[in-house]
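There are two complexes below, and they share subunit A, which is joined by subunit B in the first and by subunit C in the second.
Presenting the complex of A and B:
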């Protein structure tokens, strides 16, 4: 223990000497650093055959970002190392190197970036380049981006480049442009002065990928475009985006030449403690990658946001929804109401009630007879947007109450009813396979109860607890979870938790998954040490998911910034 | 401001110029001429597969289609049953153990602990110590095969195999077609086809009578190759080697074949591969 403390102190001393804003050549240098590692222990209970147990007992990975800025000029780079990549992250991350570097400057009304950059057109249905480090997702562009405001109210973005594919580049090239115009401000100033905001936008993206297929005439240039509008006035706001993609045979869609389309609509209202959001989405064959043969989370050009709530609690997070890029339709309704203080339901401190409902299902698909090979390849299927699909993918209905009981205690309580089509969301089974054998679907439905409390023990001392229970006869069966976190601001944080899978249909798998962590924070640096078991699961961010294998071991994480 | 507007318009046109290819006749049809007396560069598709991997039969089908298109001399499939055990392990429903320690060692080197299946390598092109550019999904194989088949042949190979007194004997000869300024290694292996054993299918059903093709059985050389030629080698040189292995009586000779390939040990790139029946 003394050695561990000494090791920690040495690291923090070194970081502390650097952890302040650096003034270099008149500009400013900022950066951040993260290092994660895990020592894996053989655990035959969760991994009987040892298939997930790495030959290397220790796996570690990290990165550091550096950004230098001086007036209208900025530049940056990111170094990443995977020695070797930790379990659950894409194995494409092999080795080390500078994976992101750019120069950016503003001159004569132009904002120019060369090298790597992240960008998004509209909601991302046509193009979104972004990084989600927890997923191991990074489709950074490497090329040129130009932003310009040629006339008042009009903003243009043009991009050209290749996407990152781990330590390589995508085989396809992207060229695109996006325009957004503030209609109310420039053309209808009376509406603008009356509080109505109205913008319209459009985007276009073209992908080029060489083709040399012996069987198929593949389109080397594939285009996608979208139009959007956003209107808001007072408590109301509405956003609509429609996207279209031309023929793009790919591994995702089974090499059919059908065009794709998608529509996303959100309406919201917020006033006097009441907030309502309603979203409707329908996508049909909107997989768009810079490699037509890509799969999983590799080289996606666009981003199709999920119409489902993202849960941070552990048990609901085991069954997160992943957007089905080949086609889905769904709605999401969310209502929040804050009961005011000193009312019957609000009590002394008020109370927040949240209700969320989301449901997603397949779209209507009338498949062309495979015997008609040319038509089948060209069209694949016909879809009527006015007809509902037959396959339920997911639903989530939840109610949350958040209430401050007194000056020391806050409570959250949640009930959640869940339906999750494992054949679709975990196994990736296509609609046609399911329709041919609907009884073969693996489905999961269950109810989850959660109670969370935050208690102020004394000044700078806080205790947070969670009790969760999943009740189901499907998949891995019922589970219970308890968690306690004790934090001593601003430096220390201790946590213990256990998930007990007491309802697993396989008695040998009725296991405990304990996890204990200690965190020390000093300024902008944070060191975490954990020990425990992790069960297999799916980790999702924004509808994009990856499978996490089971593991057991000691892990650490060090983050710092300056 | 006018200049900026004009520039923006120009920029927009420039970026909007790339057109979209609309395809009305997607199928190429026709046949590919596979008759040639000259040896050309062939393709080895190392298909990492497993009998409990439901998408793996699709990969096997891709190889079958490529063999139908280009001929069995030019497209050589090899089904490598290694990891992960959730796809390759033996159960009551899937009783045959197709795995070999060599297959697991290969996967461990070229990928890591637990590869996603099906995945494969075509002539082990584009290997690097960082990244997985040498690995490809089944949907990439037609394009990659077409490219590899059109690439320059740097060494021609001839091989013959015979079985006598329980011993498999293979002889191989190599004929450099261009100057080779790196050493060469050779790998000789046995594969077996037409093995009837259960396989998990794409619709999650079990096919008890599935016919497994191109199953890697064993190596006559070291898995990582045996020295075959020393740099420099030039056209006109002849390289040769003889290799043997005790025949496993569980293997059916009529369904088996020998695969011979030579590769550059610096980057593992397979320069030529041939398949020969066992006499």
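Presenting the complex of A and C:
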């Protein structure tokens, strides 16, 4: 409460100065608000035993953010409220309070933030603090951040603090620095005249967590570092990032002392309607948390992005890839091409073609014999980066065509071939237990076809339809889906959809999953009301996933911002 | 709690006195150069700032649908469109190939740490703002449904003609 009062006082004084000097400065206040709720209905066909049916019947949660900025000063806060947290979100969110507040100012070339902040070094392999509200993910830092640009092209960042852990803080501390240098025109005129853009960077992050284990001598300070570079010339661009982490026994890796490393590279070409990107990634034992006993999405220090496309169509989204932080290797290829207008394939309006392929598997692991007790505790396994891992985790090949047929109609068609290792991605089994019983793996492979159309009924009136079909004999079996949406710009939006799981191996589970929604939008405010049945599934953003239980009910969502 | 509410309501009250502008925030260009959003805004005509991400289907639909209008608006009323991606820096490598593959001709900027998104109080993408040539925010819209691009094009024309669509 005391801190809150102090904060309020600071805002007040900021307003005071702003009110006096309004003509000179003119502060800006922005904010947003979101409220979600669901009335759950008991549905015995999707949940026979009632294990997912909440005692509260109605669950609701919301938050509001405020950011005030005036020239070189800014401040903000967020209030969060869970009465109680909705199904599928981490249960650590319980109650209400101010979970995020900060003050920030720029003075003499220094950019200083005190309180909470989000930051990342490079692609985040060593450090990324961010929030993803739809996922319930928030590892905001609470501490101090200093950013400075001492010379042209050079930017330095230093951070220190603890991470958010729901309504508490992580037990461990973080201290880190990052430097990025953009080889500037002034100092390297030759690079510039050759059309070359070159950036190099490096980062270092150290965490401290007290250790008091009766059996293991645990490292209290764990360091991680990374180097990266990005070069581009004309249509070509290349990125490489390498990260290393010192020994960090944790619940994730089974308390072994092996160090971790990761590498991420991308090469891309983009010019005149053609874009191609190829990426390779390998990570080995890169779980990094401010609590060595942490699990799921709690207190992660770094971010390891997935080498897979993120799908937004409903059926492919049932089988999304989640990054395996203990080790994985994968490649991703993506090509987009726009067939020009007035060509044979392009027709009058042109046509878009995109092809995506990604494949991910385990890394090679040569396990130390459990009989060599001490050595096993120390090392766990040896891994040779040049040897392919044995366990396939995931693959996705898809091809999409989009074409405007005439002034009224647009069509989109997609074919997707999918492989998904449920033992790894849903059950979270480790490589070693899978290798002991490879026949026990739950695998899923299937083909998905999607046709989407957008029809302009008249000015500002549009009808959008989707037909999706998944054919598979694995997991829940084949499904068909139909969706129709009618929108009247700029305010109204109506949607009905049904997924029919007609191929479920369990006949009692061959169910329909209907869902109807109405959305009203006015400027930056949006109200959504939905009624229907939701399948169990996995909801992912950026390779970080949470499991969503099946539910039936009426839900609403209100968002607004100013 | 009461104090907080008072503070917030006061903030509300004072903020309406001044037209909203875009807070000074550093973004990146596609080739990795740092640029302040305030330097990217046009002072000769309306500026449209559209927040998007490579994983956001409605965003891509909006930008694709608006492309036809954007070409005309640029020629007729000198409008400038900034497509600000909120992708994290891993995904940012995918942006240039995607923009080219979609055939977009927008100025694409990267808000990798989502600083600008947060400074503007934006919840979700897509989110679109229209600025007049004085740099004041005169129109905002969240979400995308087909047909919204027609509304947006009308707003840009009104702003170019000197009307304020928020009134």
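The working rule: the second predicted complex is superposed on the first by the 532 of 562 C-alpha atoms of A that agree within 3 Å, B and C clash if a C-alpha of one lies under 4 Å from a C-alpha of the other, contacts with A are read in each partner's own complex, and residues count from 1 in each chain.
Going forward, contacts are C-beta pairs under 8 Å (C-beta built on N, C-alpha and C of every residue); 3 or more make two chains touch, one makes a residue touch a chain.
Only a predicted model underlies this, so the values are computations on that prediction, with no experimental measurement involved.
Chemist: Would you check which partner chain A:549 touches, where first means subunit B only, second means subunit C only, and both and neither mean what they say?
Modeler: first
Chemist: Report for A:199: first if it touches subunit B alone, second if subunit C alone, otherwise both or neither.
Modeler: second
Chemist: With the two structures laid over each other on chain A, which partner does A:526 touch: subunit B (first), subunit C (second), both, or neither?
Modeler: A:526: touches subunit C, not subunit B.
Chemist: Quick check for you: in the superposed arrangement, does A:150 touch first (subunit B), second (subunit C), both or neither?
Modeler: A:150 contacts subunit B only, not subunit C.
Chemist: Quick one: name whichever of subunit B and subunit C touches more residues of subunit A.
Modeler: Of subunit B and subunit C, the partner in contact with more residues of subunit A is C.
Chemist: Where does A:218 make contact in the superposed view: on subunit B (first), on subunit C (second), on both, or on neither?
Modeler: Only subunit B; A:218 stays clear of subunit C.
Chemist: According to the stated criteria, A:310 is in contact with first (subunit B), second (subunit C), both, or neither; which is it?
Modeler: second
Chemist: So, does A:377 touch the first partner subunit B, the second partner subunit C, both, or neither?
Modeler: After superposing on A, A:377 lies in contact with subunit B but is clear of subunit C.
Chemist: For A:257, decide between first (touching subunit B), second (touching subunit C), both and neither.
Modeler: Once the two structures are laid over each other on A, A:257 reaches subunit B alone.
Chemist: Overlap the subunit B and subunit C contact sets on subunit A and report the shared residues.
Modeler: No residue of subunit A touches both subunit B and subunit C.
Chemist: Quick one: in the complex, what on subunit A touches subunit B?
Modeler: 49-55, 84-85, 87, 91-92, 94-97, 108-110, 146, 148, 150-151, 156, 158, 160, 166-168, 175-177, 179, 204, 206, 208, 211-223, 246-247, 249, 251, 255, 257, 292-293, 295-296, 373-374, 377-378, 423, 427, 429, 433, 436-437, 440, 549
Chemist: Can you check the complex and tell me which residues of subunit C touch subunit A?
Modeler: 3-4, 6-8, 10-12, 14-15, 17-18, 20-21, 23-24, 31-34, 54-57, 88-91, 93-94, 96-103, 112-114, 118-124, 127, 139-143, 145-148, 150-151
Chemist: Could you list, by residue number, the parts of subunit B that touch subunit A in their complex?
Modeler: Residue list for subunit B touching subunit A: 1, 4-5, 7-9, 11-12, 14-16, 18-28, 32, 54, 65-66, 69-70, 83-86, 89, 108, 111-116, 128-133, 136-137, 139-140, 142-143, 145-147, 202-205.
Chemist: Write out the stretch or stretches of subunit A touching subunit C in their complex.
Modeler: Those residues of subunit A that touch subunit C are 4-5, 8, 11-12, 15, 18-19, 22, 26-32, 34, 65-69, 71, 74, 76, 79, 98, 118-120, 122-124, 128, 130, 133, 155, 182, 197, 199, 230, 232, 237, 239, 264, 266, 268-277, 279, 303, 305, 310, 312, 334-338, 350, 352, 354, 454, 456, 459-462, 464, 485, 487-490, 493, 519, 521, 523-526, 541-542, 559, 561-562.
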